[in-house]
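Across the two complexes that follow, chain A remains constant while its partner is chain B and subsequently chain C.
So, the complex of A and B:
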């Protein structure tokens, strides 16, 4: 910095200027802060060591996690190219969504005859093993995303389909008929497309560019199966 | 196992910057000389001491290293307790060996990189292989090339599972001892893996030149025809259409697989055995998938069973005394048999 204080015109002079000679001209304005701490950057999170979060109240812990989950929900609903879902991955959101979806898809198994609806365990297993399979597939195709990051993204992108399930449930309260079915079909298709768009926005960057289609196809199948389960759900 | 020692004394020559190296040596093994300087009078279990030592070292990584230096300094004093030191080092060896073995085993079995070369495909390649799986090649004089990849077959099996689910839903199939998804996955994966293994075994008996991976890939791509046929006929319920597609599309993909196998087998008996088995299994599987999960028009079944019973009701009335766990295949077989009879009667 001291040497840079020389003006370019000085280059023609033969005699070297002493160090710090130009510093007398430099004045530091008051609004540039030059104080701070010299710290080794440990982690990018602002969280302190874990022992200090043990003493906070349960409400604080839960609210912090819920806020993180809610923030990620917003990212899914308005998908932009951002790294938040990948960087701060967590599996709370996928768990909440999966449990909600499985509960809503469960038929009351009162009568043993018509027991063909998906039960809780079935939906749960489909979602998690489907996500694991897609993750393995994308890793084998050469993606550079970690296992849990991919699980996190796939789980969060079920949110549109869960909303579709809620809407379908409400629509099914009305009278059944072809109009009913068309409305539900439309809603499910829109949410299905939204899920795929959201997950592609997050996952596509981690794949080699010429293999994106290979990685997206199983995601398409996965959300197709879930959408199909939602669409064909009829409460008894 | 080479006896490596902890050269604590050796690396303590420079106090400050060497401590990182000291910890590395503890965990990574050092020179082959037992350092007689580091004697200590220890009592109790050396293994636990080692564990404690490792734990302490790990904790002290976060804190200042000077504290660790002072503590370690205080321990290795004088020539006392040679036995204690030796047993401590032996325990250290065992710890590290165990840890190494465990991590090696884990990286061997949990390593999905074993499968990575089989997924090294481009979309254009997958597309061309899908189309080629429907085109039988006549040249049987020298072995035809089979692409040994697993991405295409795996995706096709999953697609078949999805189509099967669709078919089961539209036919209002009721599965009693199981779930829809479980049945679909079990059927498709069971066919792919089971029939591949069986044909590979027959190929071994018939001296055909084909590896397990190639057989998996071949059969997997052969399911492409099944996917097409089922996708169309689960939505358009016409028996004549199904038979036409069964012969045409199913036949084409079977012919392709048969041609590849014939080109890799020598001898007419062997060729007949191998290809006959594969053709029969492949075509019959398509037939089974269609009829087991196909919606039959209500009136036709009524003529068989009586007017009051709804169609495709999978109550096992016909095979009494069957264990509950076996009801599912029994009911499905019943329905298949009935459907076959129905279709034969209606033609």
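So, the complex of A and C:
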């Protein structure tokens, strides 16, 4: 409380008094003209879980998180130089995208042949351990991005490839043939380029300038492997 | 706020009193880079005339922080591993070029690594090679299916796991064994020291780089061309390895030197051969075509390239 510290400041250093003891001596409106708000304006943007979010309905909580995830999706689809993805990182978006991608990519359980596509666990492991490895690599090279910020960016930039997977599955419902394959190849290449562009827009600035290529190459390899898994997906 | 102003004024006075007593001391904050410790330590350390006790403690703290020789960080800290990634893009490219073009006079370790081995090159070259092997192996299946529609295409994702494990085990366990062997022989001979473990890992990692374009060129489905590319890449890679190891084993007995070099070459050749046969093998479903269909046609039509490849390489 600012008023308790200001006027009886010298009195507090001389004799230890309870904190708000001098408060009754002050009449706010007459002695010290104060105007404005007492509440701190930052509190509305604070991320602390004080009692006001405990009392709100579940729908509000979920919608707030979903809106944050949706806003970040928009930032990935239309990449600009902005810090929102880095500042307010969350891992819900990457989890949703990874689970969606892994569910769509897994081969069916009815066929027992060894030579199929990746299982759900394989896709999951590749995405998360790939992202962790790239983050560690970026930090070891001297980048000044935090661990979870980098995971957040890499996870969110899988969104174009997830959209490519959706489109490929729809295209595969048509009859197979070279045209089918060319359409899928074109879609995957475009989305792969989009993912790389989005992630380098966010990540490139955090590296020292003479090591940018060293930090971006693993990102390229990561999205290349995911694109390969999407392109070679064949329905049973 | 009177209390806050008093605190600020007090600090300023202390700094100016320090400066007044040693006019030649350089003021530096505690976050001064350790690259110039000698300059500051000489000025602050054995200076006389500091009366107050807290100034002595501060001077002792500064001297301890800015000593020229700090103990290396322990292996459980992050900065220990950061030393192995202290390379620039241009340095990595230079090392890759050095491994691609081995020359008899140039030692890869002395000329390119220059006592600063890195882990970035070996790790990411192995990762790239593993994924490129799996992807191009799958691509040959796609291309073969276009020529011969009876072949059943499958993504073969388990090959990624096999490729990864093989390449990483080769590129990290073989240098470990080589380093151990050279250290044991050094104990016997007491001569020029061998390379450190990290330098050996670096040599092997960068020597695997030439396999990446070789694997991509193996997409061309001409068998003799594939064997030619394989032989060329293997020659370049093993030349690099042998030229790097030669100065170290040269002082040893001829038998040990010859045995070591031939083992290194043999292991490298086995890796290349294994990759060729496992990832680019003849397609296994030739037998799915019933022989009754094939035999009336075979005198008239030329054999398909897939069958020819299987005859040559199996």
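Just so it is clear, the second predicted complex is superposed on the first by the 186 of 236 C-alpha atoms of A that agree within 3 Å, B and C clash if a C-alpha of one lies under 4 Å from a C-alpha of the other, contacts with A are read in each partner's own complex, and residues count from 1 in each chain.
To be clear about the criterion, a residue touches a chain if its C-beta (ideal position, glycine included) is under 8 Å from a C-beta of that chain, and two chains touch if they have at least 3 such contacts.
Since the structure is predicted, the reported quantities are computational estimates derived from the model, not experimental observations.
When the two structures are aligned on the shared chain, A:60 is found in touch with neither chain B nor chain C. After overlaying the two complexes on the shared chain, residue contacts for A:83 are found with neither chain B nor chain C.
Of the two partner chains, chain B and chain C are each touched by A:225.
In the overlay built on the shared chain, the residue A:144 is in contact with neither chain B nor chain C. In the superposition on chain A, A:234 makes contact with chain C only, while chain B stays out of contact range. Shared contact residues on chain A (touching chain B in one structure, chain C in the other): 113-116, 118-119, 122, 137, 139-142, 210-211, 213-214, 217-218, 221, 224-225, 228, 232. Across the complex, chain B meets chain A through its residues 112, 115-116, 118-123, 126, 151, 154-155, 158-159, 162, 165-166, 169, 172-176, 179-182. Across the complex, chain C meets chain A through its residues 1-3, 78, 81-82, 84-90, 92, 120, 124, 127-128, 131, 135, 138, 153-158, 161.
Chain A makes touch with chain B in their complex at residues 113-116, 118-119, 122, 125-126, 133, 136-137, 139-142, 210-211, 213-214, 217-218, 221, 224-225, 228, 232. Here chain A touches chain C in the complex through residues 5-6, 9-10, 13, 113-119, 122, 137, 139-142, 210-214, 217-218, 221, 224-225, 228-229, 232-234, going by the rule given at the top.
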